[in-house]
Structures are given as C-alpha cells and as structure tokens.
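A short worksheet on the structure shown next.
In this document, chain identifiers A, B, C and D correspond to the written order of the chains, with residue numbering beginning at 1 in each.
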Amino acid sequence: MNADLAALAERCAVLFPEGVQLIDYAKRGFHLDLKVDPSQVVEAARLFEGEGFAIDTLTGVDWIKEEQFEVVYDYYHPRHAWRVAVRTRIPRDNPTLPTISPVFPGANWHEREARDFFGIHFAGHPNMEPLLLPEDADYHPLRKDFAA
Amino acid sequence: MSTAPFSRNGTPPETFVLNLGPQHPATHGVLRVKLTMDGEYVMRAEPVCGYVHRMHEKMGENRTWAQFLPNTSRIDYLSAMNYTHAFVGAVERGAGIAVPPRAEYLRVITSELNRISSHLVWFGAFLLDLGGFTPLLYAFDDREQILDLLEGVCGARLTYCYYRFGGLCNDVDDNFIEGTRAFVRRMQPRFKLYHQLVTENIILRKRLEGVGPITAEQCRKYGASGPVCRGSGIPYDLRRAEPYSIYPELDFDIPVFSEGDCLARYLVRMEEMRQSLRLIEQALNRLPDGPVVAEKVPRTIKMAPGDYCFAVEAARGRFAVRVVSDGTDTPYRVKLRTPSFSNLSLFEETSAGMMLPDALALMGSLDLVIPDIDR
Amino acid sequence: MKNRLKEIASGLGSLVTGMRLTLAQFFKKDVTVQYPHQALEMPPRFRGHIELVLDEDTGRAACIACKLCEKACPSECIAVEGVKPEGGGKKMVTEYQLDFTRCSLCAACVEACKSEAIRFSREYNLAGRSKEDFHLDLLRRLEEQSKEHAARTPPADAGEAQP
Amino acid sequence: MSLPEPFRLLAFLVGLMGFVALNAAYLVWVERKTAGRIQRRPGPTEVGWAGLLQPVADGLKLLSKQFIVPPGADALLFRLAPLLVIAPGLMGLALMPFGESLLALDVNLGLLMVFAFGSINVLALMVGGWASRNKYAIISAARVVSQDIAYEIPMLLAALTLMMVAGTLNLSEIVALQEGPFWRWNLFRLDLNPLMPLTFLIFYTCMLAETNRAPFDMAEAESELVAGAFTEYAGMGFGVFFMAEYANIVLGCSLMTVLFLGGWQSPFGAYSGVWWFLLKLYFLVFSVIWVRWTFPRTQFYNLLNLSWEILIPFSLFTLILTAAMMKVM
C-alpha cells in the first residue's frame, strides 16, 4: 500500500517544491502532508481529484503571532484509505485564495464557512454569502482578535 | 422516477418559491430549504442553515481540554458516544496517553449501542416522512432499552459524558452486561418484524426504489460519507478503512449496495444495525478485566505543538476532530468535520427535477441531524 | 405480463402480512409507563443536579470550600464561599450557589472534588416558573433536608433524602 | 311512526345530522384508541373514563377557537369550503337504507345520487385549498383533483358491475335482493360474477382514495404538506373538515355494506335489522383505521399508475365478465 503512496509523494514533491512529508498515521492521523503555495491550491486539488481522492474538509487556523492564516485542505481516497493534508499560508490583512469549487463542488460550502469564520475571500466562488452566520454578519468569530 | 417536464414546448416554466421553512415536519430540526418549484417539481433546492449554529469551535478555543468534553456530545446528540470518542481519541493521540484494553472494549460496546439507537431514531423518522406512523413507535420502544442500559452506566440518556482521556469515567456493572445480552437476544425477532412490516412492503418499495439516485462520483465530489456513500457502492467505513480502537480485532462486515437510491441507503442502515449487534456480542464475550482508566493521566493535558486528527465512524458517517495545540492547556484550534454537513451539501444537486415527496424521501434517507450541520 | 401479475400478487401478499402484524401487536400489552400515575425508579448513577453531602459526624456539609469544583466547571455555574474558623481546623462552606440553567451535567465538578463533598442527586421533577428557580442554593437545601431528616429520624431512611 | 311526509323527512335529516356528528366525534376516539393499541400504548385515558370525554373536549376546544380568515384569502370561498365539504356526506347518508323502514329518501336512482354527491367532496377540498392562498394548500388542492378523478372511474365501473348483478339502482331493493343467509349476499354471489371479491377489493381501495385516507392521503400529507388543503383553517372550520372526513368514511363504508354485504340482512336469514347494518359498517370502518396505521403513503405517480394501469383494467374485465355471465345464465 505505501509503495504507491511513496510514488504519489514523489510526484507531489516534483510539483510542489515547498515540502512533502510522509507522516506516520498512528501519530498524527494522516498519511501525507503537503506544503503548497497559495496560487497552487487549485493545481493540488486537480491532482488529487485526478487520483480519485474525495474532498474531506477545509480547516482555517489563525496564526495571529505570525500575522498569517493557515488553510488546510483534507482529501481522502475511498479505495486506498489514504489521507492527505494540503497546507497553505496566506497573509492576515487581505486573505484571498482561488476557489476549488469547480474541481470539488463539495468545497463550495467549506469555503463559505471559512469565509464566515475567518473572512478569507475565495476568488471565483459562485455565491459568497454567509452560510452559518446571519446574512448581515460582518464579524469573523474564529479570528483570535475577535472580541465576543 | 419522476423527471420534470420543465420546458413545456420552450416556454420558461413559471416557478414559485416554497419555503420548506425552518419549522417543518420533514426537516426534523431547524433547517430551511428554499425550494424553487415548478408546480409539484423541485427545480432548485437551496438549503439555508445556521439556525442552530452555536460555534462549538470557538468554545473549544477558550476551554481547557477536559472542559470541552460536554460539548462533544451536543454536536450530534444521536451519536454522542462516537463524537466523544473522536475528541478523546485526538487528545490521546496528541498527548500520547495509552488506553487500557477493558476501556477500549467498553468504548466499542457503548459506541455500537449508540449507533443502533441512532439508526432506530432514523428508521422511525424516515418512515414518518413517508407517512407510516407505527414503525416509529416500535423503533422507539427498542431504543428505550438502549437508553436505559446507558443511563444505568453513565447516568445520562442522550448527551453522555462517559469517556475520559485515557479511558472511561466509571466501570460498568453486571446488570449492564446482562442487560446488553438480553437486548441483543431481543433484537433478532424485532428485526424480523421490521423486515416483514416495512422492508417487504410493496408501497414502501415503490416509494424508495430508484428514488433520489446519488452516484459514487457525486459522493466523492461532495465528500459524502457513512451510509450515504456506502449506499452508492463506495465501501468506505472508517472502522475498516482507518481502523481505530479494537475494531481490527473484531470481525464484522460492511454492508455496501451499489444502486445509490433511497432503498440502498435504507438497506445499508438496517444491515448495519445487525452488524453492530454482532460487534457488541463479540466484544462482550471478550471483555477483559482490568482498570478502566489509564493510571497516570495528568490533570491538565500538555501536548506537543502541532495538529492531530482522529476520525470515527459515527452513525451518520465520518466525524473527524483536528486538534491544533500550541503546548498550553487550552486547544489553539478545534476543527469538527461533521458528516451531515457534507451529506447535505449534495442535496442541492441530487434533488433537482424531483417531485416534492421524492425530495423529502431523499432528505430523509440522508439522515440529517441539524445541529450536526450547523455546529 | 406474467411477472406483472406475480408482482401484484406478491404486493398484495406483503400488504396482508403488514396487516396481520399490526393486528398481532393490537392484542399485546402496552409498553408505556403512565407518567403521572406511575413513575420510573431512577438508576443509582442517575445525574440530577449536584447536591452537597452531609458529613455524618459534624452534622454539617462535608465541603471545605476549596473551589476545585468552581475551577473545573466548563460553564462556571458553581459559586462557593468559605470562611476559616478562628479555632483552626478545616474551612467551612458558607455559601454554595449552583446556576443549574447553565450546567451540562458533565461530572467534571464531582470528579474534581477531593473531599467527596458533592454528588449527583436523583431529582428529575424540575419544573419552575422562572430561571431564578434554577439558581439553587445547595447549602440551604442541605439544611432543609437535614432538618426534615432530623424531624422524622425514627424511620431508618436509606440516607436518600427526598426533598 | 307515520308522520306526514315533510315532517318524517325532517325528523330523519335531524337524526342523520346527529348520527354524523356523533360518528365524527366518537370515530376520532376509536381511531386514537386503535392507533394506541396498535402502537402498544393506551391512547387517550385522561379525560373522562378511558378518554371517552376526549372528543367532547376536542369539540369544545375547536368551538372556542377563533375562525381566522387569512389576509388576501378569498373570504367568501374560504367560508364556503367547509359547508361544501360536509354537505355531500349528509346527503349521501340520507339515501342509505339503514333498516327496513329506516330510510330517509327512497329514490329509484339511489346509487347514482350517492356518487353524484360524492364528487362534490373533490370540489369542496379544491375550493378550500385554493381559497386559503397558502402554497401548501394549493399543492394539496391540485393533488386532490387528480387523485379523485383517477379513482372515480374504477369505483363507477365496480358499481356498474353491481348494478348489473342487482338489476336496479334503488338501494333498498338491492338490499332486499340479498335476503336470506349470507351466501345470498352479493359478495358471495360468484354465480353471477366469479370475481366478486376482486370487485369488492377494488371498490374498497377506491373508497380509501376517495376519502383521502391511509395509503392514499396525498391531500392531507401531514409530513409533507403540513395539513394539506385545510392548513389555514382554525377552530370550527378545521372541525368541519375533520367531521366531513369521518362522514365520508361512514358514507363509503355504508355504501359498501349495502352493495356487497347485504345491508341490514342478517347472516343467518332471521332477525335482520339495523343492528346488522351498524355491525358491518363499523367493522369496515375499523378496517379503514387499521389500514391507516399500518401502511406508509404511496407516491403520487404510483397512485395514479395503480389506478390507470391496474384498477381500471381489472374492473373493466369484471364488468365484461359479469355481462357475459348474465348473457349465458
């Protein structure tokens, strides 16, 4: 099983020079960790979509000390049960990322949720209204500097 | 199966917007679906959620690890055990706490009991959506047995806070074990009753066969998991695909149907209840003695910085907790990946062109729990 | 045409079995408990709201107001005040407020308490007209219970003081 | 009891209204008790002994509620719909031969009139649904129309078979013809129509669909259309719709008793009387309630296919078969 996983890791290392790590599942809960430049997000999504991966979720983390948002895309493979985490870092002041909803329509809702909680704007997203917060919500609760 | 005669000889259909309002018998919770209807046919269904949004993820950030435990059983109150198992697993994985075998076995037994009680609620509510009222009462009659068992063990009936980091909060007593064995014996004839009364019923078959087809491709594109993707031919069950706890040691099989219609999802869940019974029986036979909680569990959890995931096969599908820790005693970020969120996201695409009762049958077969969507 | 007839026949068959089953259930005893007339017995580990434990020898609450439970509670519903008696010895609890509207019954406080001073009561008939009804003063409740308990001391009650 | 003509009829009609009101009230109690028994729970027990006063309590509650006409609704039609719904039930029962002389109107075309009144029910539900300007009600009104049309035809064909077997449309004569032990009843007259039980089954299914009951309750599908055509009705408006539903059930079941089970004829030839009629009637009503609490709801297009593809061909076939048998015999 991990022979093809290692092969996949090589292919990613070629495409995404920033960093590919094979992770021990028992320790961290996923198999492959990928650091990707924000502009290559769609390319990574297309690569995994081609490999037969499914979209799992999109996690935003607010690293306020480094003035950065970290966005982690999770993909899993229904047949081989691999789990891949693709990470990107975007500046905190005007956080924008290209949308991957044409590749994975499921990401549409996850991106709207990230916009609600962090204010990350996804360029090219079909309808960027709030999903879980009221329509007129201009606050972003999951930011560390959000005063309740 | 009904396909909509949308463009009658070219003239655009005059549509009207029907609010399957936040308060509606078929939504089983506070979910609003804006239906653009052409007569009886649904042209576009747009779920509007957020009515039960409580921001569990922010609560995770300003409570210590142990204080977040009660939240986990309130995200999806129907499979509270599995959800606590995921959070407790993530913290144990991060802080490196070992769990004694007896605790692992009891976790599997209580999680599977919780799965059966959740499927029984789904079975009753799904039949209610289709107009059959009586099976709901029979299902709840069985579910009462499970609730009494779990109440005897941990004192709560729905939002159990039973698991702790490193094991359980207290051990089970003998009448829990006797009660569970009696429950397993009692369920066999009950399944036969459900099978004859409901599964073989011609009206129900006509109501579910070929209704609401979801393709494996759609499941992959939207990340649908649990019985929804197993009904469309994807044999992805976390207890086998990403084994955790002692599931690898127990032998059970994963029901998979490839038609992808409401009947397939219905049969998957009915078969899953039988498999859970098998699991409980095996786990009960092999229940080891010994402590129920690890010895040296630190009062305040210290975890190396970094992020840790733990995923669990809840009743509705894959529930994953991603915990990001910065070494302090409160989590830096708690991400809750809930199955109903992804399962509902494919409703818009799959319900286009269906009639209203079919669309509601499809929504019922997705087995949605609304607080699970909004978190 | 042939299998259509067979399908209709099997369809009718399934309808008849359905009717037979519900008629069979019709004649069975009902399974429900008529709540106001009959009440269920709560299991020993049932989690009602927490209550203070009566310390047998001192006749007062066993709580030493160490505030461990107050710190452990995720939703800050416990407020404890204590005072150190002049003659030394353990602190005495003077005030124990529980805001039961926010409590999620997670047993964090009961487990945090080192001196076994609080436990879960088996109260479930908790109807109240306003939220203030659920700001419970556990100390006063304990005193009332011990007074009641003292009033009918002769019958050896199983230590389960029902208010 | 020989009152002059107009007063006799008046007394009968008042008696019938009392019968329908009592029926509507206590059939609700029977339904809730039966549903309870089937679902292994006791049903209403608090109000009065074993809940017997429950219908009275419901009635008082409905009477005390205000009859609100929703804004923008067509006030006249909104108020007219409940009247239109209860009328056919009453008029249909007026033609029913309850006993030897217990008959309000002895009309030669009794069977035809009952069906004529039966079709007003569709109009009333549609008017009620349309007039309350509520999207759910409009959907349900549309469903009622297509459902009842689809089920009127097989019902008429089955009634036609009966008419050929009995040779007359006068209900009391049909009952008189079925005199004698129970194998003289039309249901068991296989010599005239070997498929008589099938016609009985078709008639029963169509009656269920006509009264929007059980597997065919598409109009008032509570889990989809909230309350169907009478979502917007409150107070006695809803009460009348409720009463009309039970009046229609009683009308349908009594029609079947008259046509198939020999009306007030006793099964062993002697002591015939109105009690046999009521016994058979309430057995059929019990079966309608029993069916409701057993089956889920059919899907709309299955419902129509069931009628156009199965019921109509079968009833046509029995009609032709009966005609052939009559010719041969």
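Some notes on this structure:
Note that a contact is a pair of C-beta atoms (placed from the backbone, for glycine too) under 8 Å apart; a residue touches a chain by one contact, two chains touch by 3 or more.
These numbers were taken from a predicted model, which means no experiment stands behind them.
Among the remaining chains, the Cα-based centre furthest from that of chain B is the centre of D. In this assembly, the C-alpha centroid of chain B lies 27 Å from the C-alpha centroid of chain C. In this assembly, the C-alpha centroid of chain A lies 62 Å from the C-alpha centroid of chain D. Averaging Cα coordinates per chain places chain B and chain D 43 Å apart. As a whole-number value, the distance joining the C-alpha centres of chain A and chain B reads 24 Å. The set of chain D residues touching two or more other chains comprises 38-41, 293-295.
Counting partner chains per residue, chain B has residues 134, 138, 141, 197, 201, 203 touching two or more of them. Listed by label, the pairs of touching chains are A-B, B-C, B-D, C-D.
Here chain A touches chain B in the complex through residues 25-30, 52-57, 59, 61-62, 72, 74, 78, 81, 83, 85, 104-106, 108-109, 117, 130-134, 141-142, 146, going by the rule given at the top.
Of all the residues in chain D, the ones that touch chain C in their complex are 34, 36-42, 45, 290-291, 293-295, 310. The touching residues of chain B, counted against chain D in their complex, run 2, 16, 18, 24-26, 39-40, 127-134, 137-138, 141, 197-198, 201, 203-204, 206-207, 211, 355-358, 360. Put simply, chain B touches chain C in their complex at residues 63, 66-71, 74, 134, 138, 141, 148, 151-156, 159, 161, 169-170, 193, 196-197, 200-203. Interface residues of chain B facing chain A in the complex, by the touch rule stated above, are 49-50, 53, 55, 57-58, 61, 90, 93, 219-224, 229, 234-236, 241-242, 306-311, 318, 320, 322, 324, 332-333, 335, 337, 341-342, 345-346, 349, 374-375.
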